[in-house]
């Protein structure tokens, strides 16, 4: 027995065992954990069932009623959700803005807390409380079907003043800001325009028609990629360009001047 | 005329024939003899002005390329080209030709970016060069005129940059022009007419881009070239200044000859400057006008700023609180625009332009100066310069307040208030701190001259005393730290003459004396041979007596101690050095 | 008499020591390795040659890239062309520059020379000669005796620039009619339309919390559309009437819908950042902030005056129309704005 045990005990055995255990745990987790939330947009409200609405109501009571009230009629801390529609819920919860961490003028996007099914259920519940904007279909938000030139014309009149000429984001008053638009999904872009979240005005379908919204999405879809001139420096304009002219340009030139003027060894 | 080669080659014969031809018609031999081996002093900081010169040359070269493609017209056209977001969009010819140049001309985008990066580098290098000239006192007689010429070049550079980046007629620069129109309209009495003058009618009109084009490629560059010529001629006439050092005085120039060293340096430096600008232009995107879109008075982008060298104006406009607009009868005077756009820059630039004359007035020194000052030896001037820079810097930061807000998650309102306070507090604070640092460095220099370098070698005497051995400075190191003059406040003649009659000009003299005291009352004077000898002598009586003899407010250094001294065996000059605890 | 600082130090030091240290004289630099050892010189020479070669290679790459890498149709192809041409150009230029400077540093003689400076001032003899020459010239001209000529001549010379300046300035300002600043193209009955499409706006389009960027419907027919647009752009905001505390001009709005000029009263940028929850309108240029719920008055920033308000109503078909022009000039302050 001793000889056999001696042969079986390798110094490296504990390490290997640890790795195997980690692999097993990780694998089990990957298989059984819920799918990452927000990866695909929730389905349109029309496919919601009564079960969804009930499940949504339960989720709502547990996570949202504290601020929005048990009947979603609002309170001092939060507005009423009657009539905001499934689109608003899909946007706010789907980008992680809701549930809000702390009350304040800015609701920044953060890691999403619910999976797609739960978001759909919440949306179905809120939609059931009163008529409101619905979640757009995939075709409504497909960038390939939009005209980016018309999108740019609309974007620069309606959106660029807050979000920057190509959607890099910008400052509002009092610590609020309009976020960068390049990593947002087309559906969320559409829903934001439609519902006017937080400080953003409401751009309903009469002001910016559904086709025009798709054109804007097509425009944004093309931004945030390769800049023809090289590194885009954040697309923030002359301030960052000036900063780099000083730091890289003058920095290198002074370095070369010092080298040129130094006595050779 | 012939060279001293024993067997002249074909090239040498051709060269000498050419030289002969020219000399017979122009007398160029004089110039060649005078200039070929002319001596120029050497220091890396002298290259800063060269960076400005060569970036200007780069601007001209790349600019000529751009003029081949740019159409300076506000006539309407529709864009047809490879950029999808602008396809079919109505825009001015200026904007459309800029897009074509950027997207369809081979190397066109590179040239545009070279041109714009060169403009940023041009202005930055002017500022850095001006700083070098200021902090080393190179503007003193006989170079006051050259300082003013350089200052005018700075202003012309601003005009060139502003007119240049407005040419593509995009939303960003167009809003800058809108702001300019608003500032111009604010001028009392003539403001509205000036606006009509500039734009040829109401804003934006149809004349602006063609006019800016003429200003940008003809009027301003012409003036800049002429003034650069004057600037360089004056520099050659006065001979370049030199840093203090052994053998360098106000009566000589020590350095390398023009041919070959300086010709090589100048030529090489041009390629280096152009090369760095090309590196920026090849790798970093600048002024992507296709993102801003053609100018229209309705859209505006978050992060609406001008190029960096105009940010001081932008910051001033942002910081000014709104209440100061008042009405006289039927006429309105918007001080909330006039003060930040005209008065504040006016004050800052006037101080900058007139500084040499203010300092000369306070110093009462009309000798020529060709040896530069070490900044620490002129504490008031250095502190004043830092203070002025700080004011500009605060304004530049204020002009970027919305970007600071988004990047650091701060409230733009809080930032604005902070800069409103800092605009006044920071320059004053910078002045006080810089002056103290200069005086401290001067005291350290005195310390070093009197007591030498710390060697880190500890010696223990038999008596048990420990001292650190100091190595005295050699003559060259010492010279660097004692060559400067101690400038003292002016003394003026008494108010009344011998008969009790108050003399004319006494008030002016009093003002002058007070200004002089402001400049020079707080000072640290360089070590004299007597002081050094005293420091090296046994006992402390002699040393202290010498130091006490100086003016009552002079911040003299160290109280000496007495006691042992030890020689460093490698010492070549004065025999003793000792550590003092100061 | 300025302070003579040379004497008191000498007095204090009782003449034993000179008043200042002596200049030790030019210190020739230490010899470089390339001066001492031919091997190092050869190495430096090879380095210089290599740098020149980099430049030559750069030129070859540049020429190749010019033909082989056109900007193309996509941002990626444009970027590639720009980067390759740019980096090749960098090699060309830095190659030459570094080569020359390195050559100067390591191989060219670094002996320091001393040249004398002469004072800038011309010597007294020259000055006297110059003054004499000027005096002789003035005497020869006879101007001192003929004073009337001086006066007439100066007057003529002073006046002649008018002939250049007058047409140059006079023609440059079009019709100089600055009273145009006081009016826009809004008239009674002009429909409000979406910017930039020109589609007319119905009151029912706007829900609470929504805004629209507005131009006059007939903007495209104007002679100079951009000039008119620069004064006529309007921001239309719909608020809950209970939130609307006051209007700039009472009664100019319609059922919680208010129309304010979009031209900032500070220096003229489009003021367009509307924050739905605070009802604040922020201008991105200098952060002037207007409270749309309270007469668009300034609550922060460098602007002084509230935004002018456009009077609006609804026509028979439900479209929003103007009831007339603004009752004050739009945009930044100018001298004559109240006349």
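Per-chain numbering from 1; labels A, B and C assigned in written order.
The rule is short, and it goes like this: a contact is a pair of C-beta atoms (placed from the backbone, for glycine too) under 8 Å apart; a residue touches a chain by one contact, two chains touch by 3 or more.
Everything numeric here is computed off the predicted structure, so don't read it as measured data.
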item: B-C against A-B, pair bridged by the larger set of C-beta contacts; value: B-C
item: Chain whose Cα centroid lies nearest the overall Cα centroid; value: C
item: Between subunit C and subunit A, distance of the C-alpha-averaged centres to the nearest whole Å; value: 37
item: For subunit B paired with subunit C, centre-to-centre distance based on mean C-alpha positions, whole Å; value: 19
item: Between subunit B and subunit A, distance of the C-alpha-averaged centres to the nearest whole Å; value: 46
item: Subunit C residues counted as touching two or more neighbouring chains; value: 71, 78, 82-83, 86, 101, 104, 110, 195-196, 213, 270, 272-273, 284, 287, 300
item: Touching two or more other chains - residue numbers and ranges from subunit B; value: 102-103, 109, 113, 265, 268-269, 272-273, 276, 279, 282-283, 296, 298-304, 401-402, 412-413
item: Subunit A residues counted as touching two or more neighbouring chains; value: 153, 157, 161-162, 170, 172-174, 227-230, 256, 260, 262
item: Parts of subunit C lying in touch with subunit A, wherever the complex brings them together; value: 29-30, 32-34, 71, 75-76, 78-79, 82-83, 86, 101, 104-106, 110, 194-197, 202, 204-213, 237, 270, 272-278, 280, 282, 284, 287, 289, 300
item: Subunit A residues touching subunit C - in the complex, by the definition given at the top; value: 105, 153-154, 157-158, 161-162, 170, 172-174, 176, 196, 198-204, 206-207, 225-230, 256, 259-260, 262-265
item: Parts of subunit C lying in touch with subunit B, wherever the complex brings them together; value: 1-3, 5, 9, 12-13, 16-21, 23-27, 66, 70-74, 78, 81-87, 89-90, 92-94, 96-101, 103-104, 108-117, 119-120, 169, 172-176, 178, 180-181, 195-196, 213, 215, 224, 226-227, 229-231, 233, 262-263, 266-270, 272-273, 284-288, 298, 300-305, 331-339
item: Subunit B-touching residues of subunit A, taken from the complex the two chains share; value: 148-149, 151-153, 156-157, 160-166, 168-175, 177-178, 219, 222-223, 227-233, 235-246, 248-250, 252-254, 256-258, 260-262
item: Residues of subunit B that touch subunit A when the two form their complex; value: 42-48, 51, 84-89, 102-103, 109, 113, 116-117, 120-121, 124-125, 128, 171-172, 265, 268-269, 272-273, 276-277, 279-280, 282-288, 291-293, 296, 298-309, 311, 399-403, 405-406, 409-414
